[in-house]
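One chain, subunit A, appears in both complexes that follow, with subunit B as partner in the first and subunit C in the second.
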Partner chain A sequence: MVQNIIDVRNLSKSFDISSKEPDLKGTIKHFFRRKTKSLKVIKDISFKIKEGEIVGFLGANGAGKTTILKMLCGLIYPSEGSIIVSGHLPFRRKENFLKNITLIMGQKQQLIWDLPPIESFYLNASIYELDKFEAKRRIKKLSDMLEIDDELFIPVRKLSLGQRMKSELLAALIHEPNILFLDEPTLGLDINAQRNLRKFLKKYNKETNATICLTSHYMKDITSLCKRVICVQNGSISYDGKLDLLLKRLSPVKEILIVCHSEKDATKLESSGYSVKNKTKNEITIIIENHHFTSSLKTILNNFDIKDLYINEPPVDEIIGKILVKKDYDI
Partner chain B sequence: MISNSLNRKIFTLLKVQYSNMLEYRVEIALWAISGIIPFFMLNIWTNNNLNESINISDIMLSRYFLCAFFVRQFSVVWVVFSFEEDSLLGRVSPYLIQPLNPFFRYFAQHIAEQITRFPFALIIAFFFFIFNPESIWIPNLSILFLSTISTFLSFLIQFLIQSIVACFCFWTEKASSIERLLFIPTLFLSGLLAPVASFPEYVKSWIYLTPFPYLIDFPANLLSGNKTNVFGGLSMQILWIVFLFLVFRKIWSAGTKKYTAMGS
Partner chain C sequence: MNLRKYLKVYKNFLHTSLAAELEYKTNILIDLITAILSLIGSIFLISIFFQNNATIGGWEFEEALIIQSIYTILNGITNTWFNPNLTEIVKHIREGTLDFVLLKPIDSQFFISLKKINPSGFLEIILGFCLLLFCMRINQINLNLSFLTLFLITIICSIFILYSLWFFICTTTIWFVKTWNAIEVLRSFLYIGRFPLNSFSFSLRIFFSVFIPIAFITTIPSEVFLGVSQLWKILLEVIVATVFLITSRKFWLFALKFYSSASS
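Up next, the complex of A and B:
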């Protein structure tokens, strides 16, 4: 039986936030009497993640996804509740725990700017106590997987964003961690670079059975990597389960564009009781609920003379966007 | 005892940081030149015959300030500024989840910079001797050894003081302002502007209880061959290092609980 590698119970996090009114008056007031308030950004959340799972954290900006990742990797201290990751309390940052995890933040870098990435790789290898031979082997293996052989010896400042991101990944994975925390790893990358990165992560997960916790605003990252998603809204979990179930729940219908041989056929179809979205001459778009989609489609094909047919699934971005746009969307 | 694995980590850090520092060799040469305050002070002292009041010869005074320059070159610390910037921009975050305290990175950065700085400091000393040939002397090996250790200990004291101040970044965004407060006693009491011997007796007895005279005055006097209590000075340096290290550990442990990883 696959065991839980992450166990989060009743986790909360509050931050002290100071607020300042605008203009000079506000500045002076702020100087003499600073107003601070405690803001609870994570509210009593609980979840478990199994070894080898890839879980996507979804939510609008400021929903608390990154804060959760930061607590899971031990970067920040939880205000309430408990977290156990790989048998450790993350915040204690014990060496054995740190050697098992990695955190990659799309907008942050750990590579030394003026030196080629290879220098940072060997530095990390030494921090994680790998001998030179093993470090060399892993650099070769990962650079092959990431396809960045030539870039290893070029100063980081001269690399493109995509090449830099791949190098960041290599630096973060040189110790072959079991748990990867990825905060928007494809941020700013072009479509090809995004696809390559996803391909790499999939391969890494398959080869090492690593657990991956991922946040991303690119839905393609989520749909191609994660079977399970956790939706975070205002610091609480509003959904934790399979991605396809969420999509079904958020979009219970499909649209079919039917091209009939004549306008008369289209009119006949219009009056046959289906929910019609729009109709133009011999083309008609109808909406069918997912749970009797197959039977409805069969009936239409058997009873009407149809020239062509297109099934439109609403784009995942659009469906997930419903959660992101409206902060208190009811899933 | 430092473990073998920590030794290896620090050694690799040093190699990498040294390569990094070599990218900035021109800047380091300029920084070395910018540390010539002791020579200005020497000029003020000798032109006004101030050395007579503390019973020290012109030659010994010029050697003292040359040594003060050298000690300063190898004990300059800027960790509070680096840590503050890294902390504000969220660059500390990846370091915090690695099995090595981030301050080792800054430590290696400083040592690498000192190694890079060394030839430039020698060139400046060479020019100093051209203009002051009467000051030329060769310290004996034991003095050279002890003053090298003392200079390194002085660097450690400065590094620990600034690291403690840097930890205040966990509570306030501008910890460097605290460092600026410390800059005043450092400037006046360390021996950079005047040998501590020039202070009145009752002030001196207080100054020697602080860490400041062990930053420049003690190692510079030791290297220049002035009369100094070697055992007492080294002991005080070690005591301060132990005390500051314990304070640092305490404040680091409390501070990291406050870390909010802003900017990342």
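Up next, the complex of A and C:
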């Protein structure tokens, strides 16, 4: 039986946040008497993650995804509740715990800017107490997986964003952690670089059985990597389960564009009881609910003379966007 | 603490930061020239003060040069280690990159205090020692083991006091986010360390000994160097350095509990 590697119970986090009125008057007031209020950014959340799972955290900007990740890796103290990660209380940041995890942030970098990435790798290797031989072996293995070679010897400042991100990944994985926390790792990367990164993460997860917790606004990251997603809305979990179930729930219908041989066939189809979105000459678009999609499609193919058909599924971005845009979207 | 691991990591810190600095040769050259000119300027300034006075606060020009040489050594240490590392703390906190430091299986204070090195500060340290050797000659000071030990102890204590003060201010960044001004004030106070403590009024002497023990850090090693220091002063410096170092360490660990990291 696969064990839970992350166990979060009734977790809450509050921050003291100051607000300022506009104009000079507001600035002066803010300088002398700062109004602060306690804001609960994470509200009583609970979830468990199994070893080897890849879980995507979804939510709008400011929903609390990054705060959750930072509490899981021990950077932020929780205000209430408990977190156990790999048998440790993360915020104690014990050496054995830190050797087991890594955090990769798409918008922040740890590589030494003026030096080639290889120098940062060896520095990290010494911090994780790897001897030179072992460090060399791991750098070789990871650079092969990431498909980087010459870039290792070029100063970081001269690398492209994609090459830099790959190098960041190598630096963050040199100690072969069991748990990866990835905060928007594909931010700013071009399509090919995004795809390569996803390919690498999939391979890494398959080869090492590492657990991956991921936040991303690129839905492709989520759909190609995560079977399970946790949706965060205003600091609470609104959905925790399989991604395909979520998509079905948020988009219960599919559209089919049917091209008939004649307009007569299209009219016949229109009058056969299906929900019609629109009809032009011999083309008709009908809407079918997901749960009897296959049977309906079979009936149409058997009973009508059809030239061609196209199944249109609403893009995942659009579906997930519903959760991100509308704050109280009922999932 | 695994000493071997820390030595190995420090070796890598030295290597990477030297390599990074050596990428910019002109910058190093400018820093070197600045260090030489700054020392010449300081000696010139002191000589102006002594033009009309044989002594200032009971110190003659040749003796005051000892304070200048110790100041130069300490300033060299500041520029070699404290300035490149401790000012970076503010950046780490503002930009949230302290996250990377805190998630490494290594002491965070060690990491942020020693990761970088500025090689041009070495020249200042060398210049300071050269001036000190010169002062030995003109003040006819003889070297012996107890003298060297005491001198070394007081210099180390001075370094610890300076480091703790600087580190303490940088730690407050966790709450206040920007503390550049406080660091600048500390650096300005450090300039005061070029003059003997006795040359200040009583109230200023108390201020610079008790509240911000800047004058302490140059005057006591200089008195030891001249063989005129009293034992209680040396002991006091050792106590102050220990208290400052422990307090700055505890304060850092306490402050980390309030670290909220920067938003993404």
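Following the convention adopted for this analysis, the second predicted complex is superposed on the first by the 331 of 331 C-alpha atoms of A that agree within 3 Å, B and C clash if a C-alpha of one lies under 4 Å from a C-alpha of the other, contacts with A are read in each partner's own complex, and residues count from 1 in each chain.
Heads up, the rule we're going with is that a residue touches a chain if its C-beta (ideal position, glycine included) is under 8 Å from a C-beta of that chain, and two chains touch if they have at least 3 such contacts.
Predicted, not measured: the structure shown is a model, and the values here were computed from it.
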| item | value |
| --- | --- |
| Partners on subunit A (subunit B, subunit C) - clash or fit | clash |
| Touched partner set for A:130, first subunit B, second subunit C, both or neither | neither |
| First, second, both or neither for A:247, with subunit B first and subunit C second | neither |
| Subunit B versus subunit C as contact partner of A:77, first or second or both or neither | both |
| Which of subunit B and subunit C A:184 touches, first, second, both or neither | second |
| Which superposed partner A:95 touches (first subunit B, second subunit C, both, neither) | both |
| Partner chain(s) touched by A:197 [first = subunit B, second = subunit C, both, neither] | neither |
| Intersection of the subunit A residues that touch subunit B with those that touch subunit C | 15, 70, 73-77, 93, 95, 98-99, 101-103, 105, 107-110, 112, 114-115, 119-120, 122-124, 126-129 |
| Subunit B-touching residues of subunit A, taken from the complex the two chains share | 15, 70, 73-77, 91, 93, 95, 98-99, 101-103, 105, 107-110, 112, 114-115, 119-120, 122-124, 126-129, 172 |
| Residues of subunit B touching subunit A in the complex | 5, 8-9, 11-13, 16, 19-20, 23-24, 90-91, 93-100, 256-261, 264 |
| Of subunit C, residues touching subunit A in the complex | 2, 5, 8-9, 11-13, 15-16, 19-20, 23-24, 95-97, 99-100, 102-106, 257, 259-261, 263-264 |
| Residues on subunit A engaged by subunit C in the complex (per definition of touch) | 15, 66, 70, 73-77, 93, 95, 98-99, 101-103, 105, 107-110, 112-115, 119-120, 122-124, 126-129, 155, 183-184 |
